[in-house]
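After this come two complexes, each holding subunit A, first together with subunit B and then together with subunit C.
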Partner chain A sequence: MTTAIKENLDVYLQSFRELERRGKVPEWLARIRTEAIERFLDLGFPTPRDEEWKYTNVASIARTPFEPAPAVPAERAAERIATHALAQLDCPRLVFVNGKPVPELSSLGGLEAGVKVMSLEKAVASGTEPVEQYLARTADPATHPFVALNTAFLQDGAWVEIPKRTALSKPIYLLYVTLPGSKPTVTYPRNVVLIGRESQATLIEGYLSLGDSAYLTNAVTEIIVEENSVLEYVKLQSESPAAFHVATVKMQQARNASAHATTVTLGARLAREETASVLDGEGGEATLNGLYVLTGEQHVDNHTTLDHAKAHCSSRELYKGILEGRSTGVFNGKIIVRPDAQKTDSKQSNKNLLLSEDATINTKPQLEIYADDVKCTHGATVGQIDAEALFYLRSRGISQREARNLLTVAFANDVLDKIKYAYLRERLKASVLERLATQP
Partner chain B sequence: MLLEIKNLHAKVGGNEILKGIDLKVGLGEVHAIMGPNGSGKSTLAQVLAGRDVYAVTEGEVLYEGKNLLEMAPEDRAREGVFMAFQYPVEIPGVSNTYFLRTARNAIRKHHGQEEMDAMDFLTFIREKMKLLEMDESLMTRPVNEGFSGGEKKRNEIFQMAVLEPKLAILDETDSGLDIDALKIVARGVNAMRSKDRSMIVVTHYQRLLNYIVPDFVHVLSDGRIVKSGRKELALELEQKGYGWLEGAVNATA
Partner chain C sequence: MPTPVNNVEELATREYKYGFVTEVEQETVPPGLNEDVIRLISAKKHEPEWLLEWRLKAYRHWLTMTEPKWANIKYGPIDYQAIRYYAAPKSAAGPKSLDEVDPEILRTYEKLGIPLREREALAGVAVDAVFDSVSVGTTFKEKLKELGIIFCSFSEAVQEHPELVRKWLGSVVPYTDNFFATLNSAVFSDGSFAYVPKGVRCPMELSTYFRINAKETGQFERTLIVAEEGAYVSYLEGCTAPMRDENQLHAAVVELVALDNATVKYSTVQNWYPGDKHGKGGIYNFVTKRGKCLGVNSKISWTQVETGSAITWKYPSCILQGDNSVGEFYSVAVVNNYQQADTGTKMIHLGKNTRSTIVSKGISAGRGQNSYRGAVRVLKNAANARNYSQCDSLLIGDKCGAHTFPYLEVKNSTAQIEHEASTSKIGEDQIFYCRQRGLSTEDAIGMIVNGFCKQVFRELPMEFAVEAQKLLGVSLEGSVG
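Presenting the complex of A and B:
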């Protein structure tokens, strides 16, 4: 009974050797990557025997010989980008196609003084950015096979640095587009985001694709929120129905820092969305919200962690799922309250709406509490569309389909309404509505 | 005849609740239905509105000559049937205004009329809001969510005023209302009375019928109409209860 799959790992070692030969990177980065590949080879791909991966079988990822995604001409992605849900967002954006930054599709004008949004590769190469100080510190490759894999193969992504006492007037948008080829391909986006003290920012991370052959996005985002800063983070994952998406978003919050994250999952055949925050200073506030709308054979696994390391912090968590067809969902919400974290106030809720008899959800709170003076509550619900509400709407002339959509959207809006940036909130509502309307 | 109910039998959960109802409602008429708790008044109302937990086992219902029982609930509503619920349903996340505009537009569309935009709709409902003393805040809040009992009942009549049905079935719209709210609701209902609109008013109390004076009064008992009469019948029932009626099951209340 093994908890890991270690066959076929040679392919990864070989591509790692190739990567080593090709790229010239500073010694510190080479070391991090080497350690990470060793760690990955050691860990292997997890199996459902591993408690952390109980409901998500990544055997199909382990089995597939993914190749590095080839560079493609930017114009091939231009139209897809111009028509996607957040196309009209009026804000600085950095666009990546098959993992590589594309200046023609990006626009980084209008940033406040001292704000840096650039390719991670460039930031490393420049030698002037403090990447070494932050990379692979918040997201630890040692314990997580996919973080290890991403770290071993990390080449590019975004480096975002917001200096102290800076309030961004517009969000920063990082968009990853995949144009899969005839063979399965993989990209390893890596983002490092640093929010200086007493600053305020909205960060959006988006994933979409063109075409419907299989590919893997293995992404890691590390976010450091310094003292007294406020971050709103929103992720919209609308990968193709053939995609594998394994992502880790890890936040580290200092004293009185507030982070509000919303993860919206609409795409991918199989997705693992890990979102975590460490409340590492007193007075911190973290919100982890999520909405997943699944249909067909989709599977999404939301693994969240709220790690209360210091006293007087509060956290709120609301994840909602809408599942149709034969889709399957997982919610695993871990809350750790460390011995020092007295007066922790934490609330977790996971609510699911099953729109078909074949859809399933596994939901589990996981509380590890080592302090005694804390308030922690959690709850989970699984239900169907309320028949009485449906009849009430129909009895007023609203069609069955529209009534169902209205109730479903109302269910979803509970999460989206908590997004503070209004335009983004409305766009996300529209894309969820569109997504529901196209369901069979 | 707007509505013709013939020998209607209906079941829920294996129990026969309606045991052969016959009722005719002409255009412009107001019929009151009274009767003890559990006699089947709400069941009749729900069957007419199309709630599918009730299975019709026998009989037929003609609405404007068409087979009402074959129509989906939304089609009944679009053709002018409206039921004010005895227990209105709360719908979190859907604003009252948005819900009502969607409903009215669905009905308008059905009749080949242009849909109303948000601005036109607000203008249209303003007067009706005044009639039923509907506070602005009740309009922006989710449908019935956290409304008091009286506010819910007022909201039902407000919906009727906005949707302008041909046949309105009011299921105990008066219960739970204080005297002021009762007057507001009655005023709303009376404002809606017209020769082109019929009403079936289900109630336990004469006090509503002081305001909304019915053309006919029927007593429903154990799934059957056991007595019909003019408005005076309601007064008689108020004094004597239901026990004296032939075929009536003793009231349990």
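Presenting the complex of A and C:
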């Protein structure tokens, strides 16, 4: 029984050979990449027969011959980025266009002493940064075909290092902009984030598009949160309606570390958002929140894992979906409680609002518990806007459409209100509202 | 609980209460499976040509299939050629009344606590007892006959009501359904058949006690229950099995059909040999159970208490095809020692205004692994579908596991689906509270566990509910630390 698509893999092997010829990288990185391409060729693209990919068919990605995205002159992107609501945040930022950092668009002033935000390629080339120690350690290419693919073609992305006992006053914004060409292109952003002990940081990772043709973003972000640190992480994905987006965010939390992640998905024709956290020290706290607002033919698959490896940790998860048009939403939330993880307290919830006849939702909350002294719950709901609430608003003179939007936004705000960075929170609320307002 | 126990160890090492083998002369076919064996089974049972053809079709299809591996259970490979596919007690050649039944068999039933005659007289339950593969006694048949209700063994139904069997056999679980159901279709030996005609409310609970007995005999029952328009039937199934070292395969198929305004209620208490405390032996229970709400306003309700078997792989499901039809699933699954259970349900909403309820209670103790795997599927045309699912797990001891794999697939925006699950252990403070009031730890746990399962037990017929509660106590003995 074959559960992989392997017909187009030669294209990737060729691109890999070319990449090998072109770039000079340290030996350790070359080895990681070679192992990853071998692994990828071995795994192939998954099919729905693979339980992890049951509801998401990536055949359209597998059959499209994506080419590496060409570099784009900064000025071509600058003007259009300036008009994008989600591109303008009042914080230090590192902007990438087609996978390459663009210093002209980035501004890294005002960072606290010792904080490093730089291109990953530079960090590797400098030889002074401890990249080797952290790269490809948290996100394992061995089991995941897209992580393997990203690792094989790993070139650039962000290297963020927050030294110990440092609290950032402003978030760090990593913005990936794609300017698609006439042919389908692909970028492989890779981010490695290291939050030193007793530090506090907010990190925003954004994906935007300046065109409407097809492209693939295959991103991997590895985040290490050291002892007693606090991280707020927000991912916002607003790719073009023709885009493919496959992203993996892996967090590794040490003792008493707290990580709060929010994934907001508005774009892409087909998106797979994998967010995982390993609670690898006692007293850790993890929150995985998500909001997906889908319309048209969009298909978004949110895959989350909360891996309780040590005792006395708690986790919370809230994912909400608003589905319109012929869109399909998938939620798969896995909570694993390892044999040693006693006194685990974990709560997971997935709520979905179906606003059209043709929308589909497949949700699969999952608990795997191997310890006994735990409190774990999960819940999932699928429903519509409450007719009585709608009637209440209508009876007070609010139009049907306005009432509907009001209730839908209230539904979404449950997730958005938990984002602590106010500036971004308000922008996101506006984006969601705008999105709903344009619906028929 | 029958005897006072001093410590946990003692409790844990208690032997399986129902472990014994009855020495009855058996008529068997040699181990192994091929077309000749199927022809032989069919010939021995004097089956019509079409049924043999159906069996052979299933067998040929089975050859193309592979054993499913997706369930969250682990077991050694099964050698399908080492199993004896047919065993009939020799003396069972057409008993007319209970007096003709082998006394040894009757004694077995008595040991199990099912005195047929007593039941006949006191409980008013018609028992169609299956001893290995051939039905040996059927009671109350006459009384049911007056109402036009057919309740007999499957082989008898094939002889006497071939048109009904032919019409409904495989209509819910086709012979191509899954590996084990296909195997069953090829080699099924016997089982129960119930048919309730239009507008008839079956006045008593129909009941069958299954019992696996002959060594190395996989038992492949086939049960078919059809409720015609406006009919009502409640069916009970209960099982115990003798002690055995080799793992025994059990692959049953149950099909339920409910037509317009009909109700079928199916209750199971399963207590097959779970293997010893080291995980040796025990029954492999791979069962396909499915009901089809074919008519409008029909209802199918499954209630199960699963305490036995080394491995349970069982998903009683409802296909809600008729408009306004209702599906229910209430389950208590207990695993102790090395038992593994992967059980749950599927609710497939096809018709409009269909409703389903799932209440699943899993209890894991010892080194048991308990998985709930359920699917709620709302298809495009199933407007106003409603589902409520609740699955709770209780963990006793730190070496067991509880897992939930619910799948919710909704393709209609008017659906209302709710799923809730929780996992917890019995709180120290709860036990302390009971201990303070003079209850032993054992009794306290028993009480808490029974409270945890109450929602399901409530759905069982009276006499079954009592048995189930006792069974739960026995199954969990020794699990309390």
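Quick note on the criterion: the second predicted complex is superposed on the first by the 437 of 440 C-alpha atoms of A that agree within 3 Å, B and C clash if a C-alpha of one lies under 4 Å from a C-alpha of the other, contacts with A are read in each partner's own complex, and residues count from 1 in each chain.
The rule we apply is simple: a residue touches a chain if its C-beta (ideal position, glycine included) is under 8 Å from a C-beta of that chain, and two chains touch if they have at least 3 such contacts.
Computed from a predicted model, the values in this text were never measured in an experiment.
In this superposed model built on subunit A, subunit B and subunit C occupy separate space and fit side by side.
In the superposition on chain A, A:D414 contacts subunit B only, with no contact to subunit C.
In the superposed pair of complexes, A:V382 makes contact with subunit C only, with no contact to subunit B. One of subunit B and subunit C touches more residues of subunit A, and that partner is C. Once the two complexes are laid over each other on the shared chain, residue contacts for A:L19 go to neither subunit B nor subunit C.
Once both structures are overlaid on their shared chain A, subunit B and subunit C have a minimum Cα-Cα separation of 14 Å. Residues common to the contacts of subunit A with subunit B and with subunit C across the two structures: none.
Residues 66, 70, 393, 395-425 of subunit C are the ones that touch subunit A when the two sit in their complex. Partner subunit B is touched in their complex by these residues of subunit A: 386, 388-389, 391-400, 402-403, 406-407, 409-411, 413-414. Residues 49-52, 72-74, 76-78, 82-83, 85, 88-94, 99-100, 102-104, 106-107, 110, 142-143, 159, 163 of subunit B are the ones touching subunit A in the complex.
Within the complex formed with subunit C, the residues of subunit A that make contact are 1, 51, 55, 339, 342, 352, 354-384.
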